[in-house]
Structure formats: structure tokens, C-alpha cells
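Lettered A, B, C, D and E in written order, each chain numbered from 1.
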Amino acid sequence: DTLKKIKDSGSVTMGVRESSGALSYTLGDGKYTGYHVEICDKVLSDVRKQLGLSSLSVKYQPVTSQNRIPLVQNGTVDIECGSTTNNATRQKDVSFAVTTFVEEVRIAVKANSGITKIGDLNGRSVATTTGTTSVQTLRKNERATGVDFKEVFGKDHADSFLLLESGRADAFVMDGSLLAGLIAKSKNPADYKIVGEVLSVEPIAIMMRKDDPAFKTAVDNSIKAMIKSGEIAKLYDKWLMQPIPPANAKVGLPMSDNLKAALANPNDNPAEAYVKK
Amino acid sequence: MSNFDWQVFCKDTIEGEVVERCFGSGGSITYLDWLMSAWGWTLSVALLALLVALVVGSMMGILRTLPSKTWVLVGDAWTELFRNIPLLVQIFLWYHVVPALIPALKSVPSFVLVVLGLGFFTSARIAEQVRAGIQSLPKGQRYAGLAMGMTLAQTYRYVILPNAFRVVIPPLTSESMNIIKNSSVAFAVSIAELTQFAMQAQEETSRGIEIYLAVTGLYFASAFLVNRIALFIENRVRIPGTSGASK
Amino acid sequence: MIDIKNISKWYGSFQVLTDCTTNIQKGEVVVVCGPSGSGKSTLIKTVNALEPFQKGDIVVDGVSIADPKTDLPKLRSRVGMVFQHFELFPHLSVTENLTLAQIKVLGRSADDAKTRGLKMLERVGLMAHKDKFPGQLSGGQQQRVAIARALSMDPIVMLFDEPTSALDPEMVGEVLDVMVQLANEGMTMMCVTHEMGFAKKVSNRVIFMDAGKIIEDCKKDEFFGNPDARSPRAKEFLSKILQH
Amino acid sequence: MIDIKNISKWYGSFQVLTDCTTNIQKGEVVVVCGPSGSGKSTLIKTVNALEPFQKGDIVVDGVSIADPKTDLPKLRSRVGMVFQHFELFPHLSVTENLTLAQIKVLGRSADDAKTRGLKMLERVGLMAHKDKFPGQLSGGQQQRVAIARALSMDPIVMLFDEPTSALDPEMVGEVLDVMVQLANEGMTMMCVTHEMGFAKKVSNRVIFMDAGKIIEDCKKDEFFGNPDARSPRAKEFLSKILQH
Amino acid sequence: MSFDFAFLTWDVISSFVLKGLWFSIQLTIVATLGGIALGTVLALMRLSGKKWLEVPAAAYVNTLRSIPLVMVILWFFLLIPMLTGRPMGAELSAVITFTVFEAAYFSEIMRAGIQSVSRGQVNAGYAMGMTYGQTMKLVVLPQAFRNMLPVLMTQTIILFQDTSLVYAIGAYDLLKGFEVAGKNFNRPVETYVVAAVVYFVICFSLSMLVRRLQKKIQIIR
């Protein structure tokens, strides 16, 4: 199991993302940082104390949305600190720590486009990113509301945003934090705004191997302690409200009610549990 | 973990429920439907791009063998430009940068752009093969054509090209197989082809292994198909009395 | 018929031909010989403008080659040429090889071209092979087809560039036979060849080249009959090639 | 020295050699001739086991080639061979060409090999070119280096496969001169060649092949001096190749 | 749309791009050398005339040449650890995959190279008493290698461009360096333009080098 592996080897591999908004990203030169990365750093130092190790070397393994689950499964990555949605399908393969972030899928549009809700998208083109759950969300919404729009897929978020920026798409549907981050870093943040209803709500959590209750407990306990001490709230403010490197732009996304609820009552419920609310 | 779940292809793409007979009906589609349509996109992109590549590549390759320095330069420049930048970057430039400079291109569908982008990229390689093929012919053949009073154009048309064409079939076969594989970059510009399917479907279903197996299998089958067709053509045009290239 | 006037040619800074002058009358058979690299092939190719030259002029049947207004393809269509490596078109059958240029260049009908081509094929004794492809023929047979192909264009002069040097020794004879016959019928011919037997038998004149220059240009009898009057280079060459 | 006993060889169903038998004594010079494709090259290559055969046996200096226990590389190292296209190693200098096999096969020291190699190079008159690469030499020079290379292995017999047929006519002489000298010094030689002058001058015996069979195998004087006693096929061949 | 290259300071380039460039170069060199070595073995197997060597080598080459490199990369990355039970880093995995994959292409080139050496050269080696191994090592392969050097180099340029496909497993190459910089500053267009220029300069210089080589080789021959 993971705790034993960490103890024996004195090292642990953290899965990180090159570019997942403020949650997990690289500063170049092999340095990774972000809201979830910092939470994980703290969690791992708690784990180190628990195991009685004097030092613990943390290896960063960049992962992509395609390979993160297999990598956790096959043991390459011990703890994934990116921006992975906790859902029921995935829970069959991996397990998640208590929810540390709640993502609300929203719509970003050009400020002068006049679009304010999903209904306005009828006959327009909507961008989203290949390999994300937003594609499914969009598809479900299209079916449910009868709104007919054209989907264009970017190969990554920057690409999708570029579709919006260059006018190839009229809207960009994606996780709110990512949208806020992209807008903040864009050449003219005032040109864009996030509008409309929340299309879906997804708990984002730190991911670990399945069937390793000892490790999960250690991680969960560490996070719960941080929630209690208010440290999580501080980190949230640091990463999502204040200017962050490298561009020193503010994401500026206040904590949502959903996240507040999740922190008030720490749990690892999958996304399906949020739909019903 | 190695127990496969092939049922995944029979699932509806919205509800995630297994559908009877695996093909969706009444507007709903299954992953199998989607996979097939993705294959169709892959083949369409690849084949159209191949057409562009063959036409442009042959032209550029021929230019590079002409006696005129100017034409050689044009051919050389084209080849160097398009083969020294990674395909993915070229596609990106076609989609995002070129339209920014030439606004008229903004309304061109991404399918057309990717066909052109992939086609031009491959044309550089084909130009290289065609040039090598023409230059591999004995110089005497060109002299023989001219000595009979044919113009340079006639000599190319009736003597050099028919021979060079046969010489370059094997390398062109590999390029054709490459173009199928390279068509995977089309996902970068929102074409719902196999790679995009693989990335999206494995995200939605978490059955990466099955999805990748199926997609790899289809790529393999497509490349194999192209290979067979090329072999068939090669045998059809084989000249009696020559041993042919496949020795 | 062919008037070569002070031709000089350079490849970059390397001079291949230096001030070559000679003249071939209608009905004459002229043999060109000389060591390898002496410029024989280059000289004969300038005659139908396959190789451009920088200085001098060549007038073929009254048409100047150096004149930029000259229609070179048309001029070439009237000059037959046979190459060392035959250069039949490998993707065309023998008959197609014979008719292609007649149709495309002379504008003859397919039927006329075929009649004419097969007549020439008959003449070189290869009627039986008319539907084969070049790759299916022996070297000697290919070279005879190549001669027939050139003849079917009704040339006013025939150029040969070492027509037998790529052949097996036993096939040399069959090609030389055809050439001897042509010469005897009065065809004007310019032949680069080392077959001194052929030169002795049918040529009127022998030109000897070395290092891009025409060193000897004299009547056959003079060339072979009076070796002592020859330049040292020519004498040495002749001794080498006639020795064994 | 070389005893060829009832050799037959097939390529698939096509029989290249049919029941060939002959015998070469020490010091003998044997010329093999015949039309193209008659199996001359194949026959000579069977002698140093470059071409396997299906029936019969060849005994070279007491060693049977057909015997599976024979160390073929060792046998080949004692038989010198010269090819139509020289086959010098283009990536090695002349000296390296001469020493490579001496060092790697015979295990000689680099110094010994060089001494021996250069001695042979001297003999073919090319000492001045020892540091050049094959591509920088003329065909005749390359072939002479190839002969020196074979000689530097101290062969007990030399095989030649059309050594002059890829050469410009004026270079044929220099190679034949070396071969004549070798023959006069008593080297055992088997030569495929169409140079009838050479055959007349130095050979002891002439073998004539056609369609994979040895048709004539007789003393030189008998072969050239008594054409009427020859088979029709040999007569025809001789007439073709001596005609011009 | 306006371009804004201001964010691309030397600091950004050195921290985002150089690491990727270094990895791409390393990967290219290792995979080229390894691929040529393995490819040569495969080529010799295919030309051995022995069915039990020919068939597996041909199957290997044809299979790998029919599958997109991205898929091969993914398969190796995901499957090898499952088979060996030991995880493997993205970089190591990329090196192994590229070597194994490029070997298929290099083997085709080496096969053509070996066939470009005339049968007569092989016979000459044998006739001097060399064994098969000596003939290959001393006569055929040096020439095959020389004849094919330009083609090998061209394939290496392609390989250098293809290193960008390691994005699929999260390894960090030159293009990835540009992309990440572009994303974290949200300036994808500008970074792609710069990437195109950088790739062009590197690959074009290499292909000029190939031409020089080609001319040199032609003179030696």
C-alpha cells in the first residue's frame, strides 16, 4: 500500500498539471504550483510526520486528462493534485479525497455579444475543450433544452479560448475557474464576461489509488484539519482572489455556495450527488 | 484490470446506458455510432489531403527538376518551408494565425483548412520523393525524348513522368500511410475524427484501453487498406520485362 | 549539311570543348574517336542542341542552332540520334516506342506512324518483337529498335554516340551490320565509336579528339594508312586500342 | 589443382549449369568463353563456392567444396578473384583495400600486410596512387588494383570474370598486360573473357560454353587453328566476335 | 487580432522552453542512435533469407509503421507498467517508445542502404575469405551507412519534429515548452508563431547540413 511504499522509498510521486488554471500549473523549470498543489504539499508533509520520516522527497509527474487515471492505477502517480472531477464512473477505478473545490460549469462570452443565457446560444457556435466533461454537459443541455448550437472543440483550454477570442465561437463553455483564469490573463479582460446559469456542478478532488483506505484516511484527515483551521479558505483566497504568478493576474472567482457547503461538511460525494440539489 | 468491457461501445453517449443492438436510433447515438463517424472523418480528411498532397507535391517535385533556376527555387522554397515546421504547429497557424492576417479566410470551414494544411505538409515530402524519382531516371531518357523532337513538356508528359511515377509508388505508399496517421492532428481544429473520439470517449467512459484498442485497430486497418491499394496499383502498372520494385 | 564552327563550351570553369570546327557533307560517314572524357559525346550532342554551347555556331541543313529564334524541337526532329544505353522508353512497347514521336511531333496519324515504324523495324530484322517491351529484349535487339525508332522520323542525318559499347561482344556485330547497311545506302552519319573495324570499312573521314580539341580530322585512308603522319596522342591511342 | 566434376545447378526450375566437368592443372591458363547467359560467371563462381550447386563436386587443391565440413572462407582466401566491375571497396583507400583481408582473414600484422600489399601495387604499376580512393582512379587503374588486391593474399589460383568488359577500349590493354605477365610467370588462371587476342597469346586451353553446358574444351591451337572441327554453335559465336 | 510578444522575456523562455528543447534534443539523439542500431539488426534479419528471422522482423516493421506514433506512445506508456508491474516515468517511456518506433523506419532505410550495395561487393568480400559477419561489418554496412546518411538525417529531422507528440504522456518537449508558456500567459498565437520560427530555423539548418553531406558523399563515390 501507498503509506508503506512512501515509507520504504522515502519518496512520493505527485501528479500535477501543466496548465489547469489556478488549481495546478507549472512555472517552468520543473516547478509546479497552484491551489491543489499547495494543498497536496501540506498533506504530504502531514503524511511525512505521521510516518515519522525526517525527510520526504516529492517527485512531480505532469499528467494529462488522458493519462491521469491510468497513471494513478498503475502506480506511477501516488497522489494526483490537478483538477479531476470526482464522479461515479471514476470511483470504480480510483478513489478521491474529500472535496476541496467545486467547479461550476459556466458560459464565457464576449461582453458585447448580448448573450446572457444558454437559450441565446440558439444557432450560434459554442467552444469547449476535447477530453473534458463539459462536452458531455453541453450535449446533455442541448438535448434537454432543445437549443440547437454548433459545437467546436479546442484541443486545450487556451485553444478553446482562442476560438472565442478570434470569433470562431460565440461562447466558451467550461469550468468557471478556468474561464475566470483565462479571461484574467487575456489581453483585454474587460472584453469578456461569464454569464448565465450554472450548467453543471462538479466536485473536484485530489485523486488516489483505489482500495487503500489507510492512505485515503491520512489524506482526508489532513485536509479536514486544514478546513477546520481555515487554512483552506486562506489558500482559496491566495490562489483564486489574489494575483498569482507568472503573469500576476487575478482570477477573481469568489467561493461558490456549493464549495462553502462542501467545506462545511467535508465529503467525497461524486458529481452525481450534486445534480439532485 | 485486464478484463475488457466491450459493452462500452453499445452505450448511449448521453445517458450512458447500454443500447440494444449497439446502434442508436431516433437521434440518440451510441459510442459505436460515434466511432464509425469518427473513422469516416479520419478517412475523409486523409484522402482529401492526400489528393491535395499528390497534386501539389508532384507539381513542386517537377518544378525542382526543371532547367529553370527560378522554378527550382520556387519548388525548393515550398519544400523547405512546409517540411521544417511540425505538422501540429502548421495546422495551428492555418487555423488561427493565417486568418488573422487574411480575414477572408475566417469563414473557411476548419475541415478545408486542415485538408489544406495536412495536404501542404505532405506535399513537401511528396515533392522530395518525386524529385528523387525523376532524378533517378537515366539522364539519357530526357535526351532521348528531346532528341526525337519532343518539347520539354512532351518529354515530361510521355517519357519522364510515366517512368518516375512507377519509381515513386513505393515511397508514395508510405506517405499515404503516413497521411492517415497524421490526420490525427485534425482533432486540434475541432474535427471529430478518431483521435478526438479517443480522447473524448475515454474521458466520458473511463474505458481507455478498450477505446484505444478500437481506435488503434481502425488506424491499422486504414493504413493496411491504403497499402493494399498501392500494391494493387503497383502491380497493375508494372512494365513487362522489368523486375519491378518489390523484390 | 552540318557545319560546326568554332564551338567552345564550359561546365563552370572547366572547358569541355575548345574551338571545334568541322563540316559534314550530305552522304558522308564521319567517325569520331578519342580517349574517354575527351568531349566526344558532348560534341555530338551539341549538333542537335542537346548540350548548349557558349561560343561558335552550328548550322544544320541551313538552320543555325545558336540563333535564339530557331525552333529547336523541330530541328531535332530532323536529326536522328542513337545513344550508348539505347534509351528506349521502358514503359512503352516496341511499336509504341516507334510511333510516339511520329504522332506527337510530326503529327502523323496513328496508322501512318505504325506503318512507317514497322517498316523500319522490319529493316532491322525485329518484326517478330513488335509487341514486346524493351526490358524483354537483349541489348543488341534494343539498340536495333533504337535505330529503327530514329529512322522512322525520316531524319536527314543520324548521330550515334558509342552505339555498341554497352553491348555484349557477340551482339556488337548485329548492330554494326545495321549501321554498315545504312552507310551503304547513303545516309549521312556522325558516329562516336571505338570500332575501328567499322571505321575502316565504311567511314569517309575520321575525327580524333583529345581534351576537348579536334586533333585530327582526315580521310580514313590517311588516318589508318599513314600512322606516322599522325599526332603523337592519336598514335598512342590507336596503338592501345588496336593492340590486342 | 581444380577438379570440376559433373556440376549441375538450378535457379528454381531453371537449370543454369548442366553436368559441367573440367580440370585445371597447376600453371595452366584456361579461358572460358561463350554467349551471354551461358553460365560462364556462374561456373567460375562455383569454383570458390560463391555460388552453391546442387549436384557434383569441385575439388580445389585437394579440398572438396561440396563437403559440408569444409571451411569455405578459408578456402576462398586461397583463391584470388577479379570481377567485371572491379568491386574495390569504395569507402577504403587503395592501401586499405589491399590490406583489409590480409589483416582480418589471414591475421597478418598491419605492417606485414602493407609491405605485401604495396609490393603487389608496385607490380601493377600504381604505387603513385596508394593513398587515393577507388573513385579517384580510372577503370583500368581500378581493375589493376583489384588484381593486386587478390595477389596480396598469395592465392594458389586466380579467377577472372570478364575483367576487361567494363573498361573503356583504351584501358583494356593495360589490364591485359598485367594478366599476360601473370600468366607468363606461371600463375594458374581461369579467365572468363571475350578477348580472343589474350586467349590466343597466353592460354593453354579454351572452354566454350552454351546454355549451361561445356561444349568445347580443347587446346588453344586446336580451338583457333581448326575451326571446322568445332561445333556449329562455337563456330557461329567465333565468327560473330571476330568479325569486326 | 493583434500580436503581443512582450511576455516572451528571456526569463520565460529559459524557464519554459529551454528544458523542453534540451529534452527534445536528447530524445532525438538517443532515439536516432538506438533506432539505427535496432533498425540495422531488423534490416539484417529481413535480408537474411531465413524465414524464421524474416517474418518476425517484417511483422514488427509493418505493424509499427501502420499505427500512429501517438497511439504507440500511449500504448507503451500505459501498458508496459501494467505488464511489468513497475511504473515508468514519461521521459524514459518516451525514449524507449521512440527508439522502438523509429527502429521500424530506420530499418527500412538501412534495408534500402544494404540493398544499394551491389551484390558484387558482397561477393568480393566473400572471395577474399571473409565470413558473413566480416563482410557485413567491414564492407556492406559502412557503405550502406554512407549511402543512406542523407536519408537517415532526414528521418532524424522528422524525428525531431515528432518529439512534439510526447504531449500525450505529459513529457516535456520543445513544443510543450512553448505551449505551456503560451497557456500560462494566455498567448497561444504568439507562442505558436515563435515555435514555428524556432523549429524552422533548427530543421532548416539541419537539412542544409544534409545537403552538404550529400554533395560530399557524391564526390567520394
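Assume a residue touches a chain if its C-beta (ideal position, glycine included) is under 8 Å from a C-beta of that chain, and two chains touch if they have at least 3 such contacts.
Composition by chain, UniProt nomenclature: B, E = Amino acid ABC transporter permease; C, D = Amino acid ABC transporter ATP-binding protein.
Because the structure is a prediction, the values reported are computed rather than measured.
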Chain A to chain C, fewest steps along touching chains: 2
Label of the chain whose CA centroid is most distant from the centroid of chain B: D
Chain occupying the middle, per Cα centroid: E
Where chain C and chain E are represented by their mean Cα positions, the distance between them in whole Å: 50
Length of the line joining the C-alpha centres of chain A and chain D, rounded to whole Å: 80
For chain C paired with chain D, centre-to-centre distance based on mean C-alpha positions, whole Å: 35
Chain A: positions in contact with at least two other chains: 66, 70, 159, 162, 166
Of all residues in chain E, the ones touching two or more other chains: 1, 74, 78, 82, 188-189
Touch relationships between chains, expressed as pairs: A-B, A-E, B-C, B-E, C-D, D-E
Chain C to chain D touching residues, read off their complex: 35-36, 138, 165, 168-173, 176, 194-195, 197-198, 237, 240-241, 243-244
Residue numbers on chain B that touch chain C, as the complex places them: 138, 140-141, 143-151, 154, 158-159, 162-163, 166, 239-242
Residues of chain E defined as touching chain A within the complex: 1-2, 4, 7, 12, 15-16, 19, 74, 77-78, 81-82, 86-90, 167-172, 176-177, 179-186, 188-189
Residue ranges of chain A touching chain B (in the complex, touch as defined): 65-66, 69-70, 73, 89-90, 92-93, 130-133, 135-136, 139-140, 143, 151-155, 159, 162-163, 166-168
Chain B-touching residues of chain E, taken from the complex the two chains share: 1, 63, 65-71, 74-75, 78, 82, 108, 157, 161-162, 164, 175, 188-189, 192-193, 195-196, 199-200, 203-204, 207
